[in-house]
C-alpha cells in the first residue's frame, strides 16, 4: 500500500506504459517495481525521475557498481527502508558481494560517528582541507 | 575554535603523542589535523576512534578510494562541513578527480530525492527486494 | 503498541479527559487518535502539546490547508511514519486532492535533491540571498 | 568558494550558456546565482537539474507560492543554509510576507517536535489514518 | 543576522517585554539571547516557546542538568549550531565539566554509529526489546 | 531478517563466540541480541563495535544510566527503531522509570522544535555562547 494507489501496466495510460517499457528493457527484467507504480499517478514526475536516474547512474567517470554502492550508502544515511533494499538488490546484481556490503556498512557507521562528533565539537576546518583540498 | 581546546603536540601527554605519531606515519604527513587535536581532550576516545578508522578504511573487499568516496557521500548526507572537506581532500589524494566528485554528488542528490519520495509515499517493498535481494 | 501504554478515555484522569474532550470538539470527531493516548502518560505534556498545535495551526497569515501541507512536507523530510499518515489524512479533510499530494511530494523530492547537492558542494551564499533576501 | 570552481558566463561552453540564458529569461533577472555556477562543472547535471526544477515548480494543482513555501520548509528540515536563504528570497518575490514566514517557521518547529515525539514513542498508526486516510 | 530582524527590548511591545523580563528573572541574567529576539517577531510563538521550555526543563523525574545534557545531545544529532553552543553553555552553568562533555560527545558518536548500522542492516527487533522492554 | 543472515552461537567461529561470551558475561544475560548476530558476518567489525561500546558506556564522569539515556535520545533523533527499543530496555534495567522516559521524550521533542526553528531563522550566535561558553 502507499499514499496513492499503484498503477498497474494494464490500467496505465500510454505515456506511463512507455516509461514502464523502457524500465523493463533497460534493466532486462519483465516487471516494474512498486516505486514506479506509485510515481505513475503523476506521469510527468514518473518520466522525469526515470530519465534522471538513467542519466545519473550511467557509466561515466565512476562505474555503475560504485555509483550503486554510493546510492545504497546515502539511502542508509537517510534511513529509506525501500531504497536500502531495492538498491542493495541492484548492487548485488552488479557484483556486490556479502563482504563488500559488510564493509560498506562499516564505512557508513564510522562516517556517521565522526560526522556527529565533528559536528558536536564544532571543529574548525584546517586550511589544507578548504574546498576539499582543491 | 571548538567546544574544547585543541591539544598541540608539544603540550600533549605521551599517550596522545603516540596516536599523533601513528596518524602522521600512517598518512605520511607531518601534521595532525584539528579533528584529532580536539578529540585528544579524551585520550581513550582519541585512540579508539583512530584505531577504528584505521581498521574500517584499510583495503579489504573494497579498495581504499571506494571506501573514501562512500565516506564522503555519507558525510554529505549527514551535512558535516568538516568531514565533507577533510574526506574529499583524502579522496583526492587517493585519486578522485573533479569529474568523479561531480558524479558522486549527482548520485548523492538523486538518492536523496528518491529517498524522500519513497519515504513520503510509504511505498511497500517488493517481494523481490526483501533483505536486499539476498 | 508504543513505549508507554495508551490511556483510554474511561481510564483517564479528569485533566486528561478535559484535553480529549477539547480535541474531539475542536476537530468535530468522536474519537481520539493514538498519539494523544500515548502522550497522556504525561498530562502536562499532553496539554502543552495540544494547546501548542491549536495555536500554531489556527488560521493566520497562512490558511489551515497550507499549514497542514507544510506540516506533511516536514514530516516527510523527518521521516515520521505516524505523522505523514495522520497529517496527510488531516490535509485531505481540509481539501487536499490526490493531484495536490503528488505535486507536494514532487516538491519535497526536488528540494531534498538540491538541499543535498548544495550542502555537498558547500556553495557560497549569493549577496542577494543574504537573510533570505530581506 | 565551493568544492569545485564556479563557471562564469564568459568562460562557459555553449551548452552551459544556453541553460544560464534560460534561467535568466525564465526568472526575468540578469544574473545567475552561485548554485548553478557550481553545477555547471557537470553540464548534464546542470541541464537536468534546471529542467527538473522548472517542471516541479510550474503552476499546477498547487500554486507557485505554495510550492515555494513547501520548498523552504523542507530546506529548513534538511538544514541547507544555501537553500533556506535562496528559496526564502524566491518566496518573498512571489508574495510571502514576514508574517507568513514566521507562521511557516512555527509550523516547521511544531512538526519537528511531534515528528520526534511520535518516532520516540513508536506510536501505532490508527486504522483511520492508514495510507493517509485515502 | 537572521531571516527576520532581532527585536531589542527598547523597541519591543509590552507583551514581548513581559516574556523578556521573565526570561531574565528565571535565568538570573541581565540580557536576552538572540534566539528570543528573533522569535519576538511573532509574540505568540515567543510566549508559547518560552512557556514550553520552562515546563519541559523544570526539575521533575529528571534533574535539570540531565535534561540539559539530553538537550545538547539531541541538538548535536540535529546539527543545530546555535543550539549546541547555547545549551552547552547552559549545561556548563548547571555543572557539566569538560570531562562530562567529552563523554557525552563520545556517547553521541557511538549511538550515531550503531543507529546507522542497525538501520543499514534492517535488523529485526528481538522479542525481549519490544516496546522498549516494558 | 536482515541484509545479511544472523550468525547463531552454534554456527559461529571461535573469534565470534569469544565476543558473544563477553557480551553475555558483561551483561549477565544468557542470550545475544540480533544486532550482534548480524554484525558477526564481519568478525572484525563485531569485535571493534563491542569493544567500543564497552569503553564508551563504562562509568566515568557520567554514570551509566545518564549515558544510556543520552544514547536513547540520540537514537530517537536519528530515528533508529531497533536502537530506540533496545537502549530503552537497557535504560530501564539501569533504573529509568516511566516518568523519566516521558520527560526524556519531552526534552527530545522540545529540542527538536528549537533546533529546527533556530536553523530555520539562521539565528546569529551570541558572543557569550561561543564555543559553548567555555
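Letters A, B, C, D, E and F mark the chains as written, and numbering starts fresh at 1 in each.
Please note the rule applied: a contact is a pair of C-beta atoms (placed from the backbone, for glycine too) under 8 Å apart; a residue touches a chain by one contact, two chains touch by 3 or more.
These figures come from a predicted structure and were not determined experimentally.
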| item | value |
| --- | --- |
| Common touching chains of chain D and chain C | A, B, E, F |
| Centroid-based (C-alpha) most distant chain relative to chain B | C |
| Contact-richer chain pair (by C-beta pairs counted) among A-C and C-E | C-E |
| Size of the rotation, in steps of 5 degrees, that lays the CA trace of chain A over chain F | 120 |
| Where chain D and chain F are represented by their mean Cα positions, the distance between them in whole Å | 34 |
| Inter-centroid spacing, chain F versus chain C (mean Cα positions, whole Å) | 27 |
| Whole-Å separation of chain centres (CA-atom averages), chain A against chain B | 20 |
| For chain C, residues that touch 2 or more chains besides their own | 1-4, 45, 49, 52, 56, 74, 76-81, 84-85, 88, 98-99, 101-103, 105-106, 108-117, 119-122, 130-132, 134 |
| Chain contact topology (line, ring, star, complete or other) | complete |
| Complex contacts: residues of chain D adjacent to chain B | 3-4, 41-42, 45, 49, 74, 78-80, 131-132 |
| Chain C partner contacts - residues on chain F that touch it in the complex | 79, 84-85, 88, 98-99, 101-103, 105-106, 109, 116, 122 |
| Chain B contact footprint on chain F (complex, rising order) | 1-5, 44-45, 48, 51-52, 55-56, 130-132, 134 |
| Residue numbers on chain A that touch chain E, as the complex places them | 76-77, 79, 81, 84-85, 105-106, 108-117, 119-122 |
| Sites on chain A touched by chain B in the complex | 1-4, 31, 33-35, 38-39, 49, 52-53, 56-57, 60-62, 66-67, 69-71, 73-90, 92-93, 97-104, 106-108, 110-126, 128-134 |
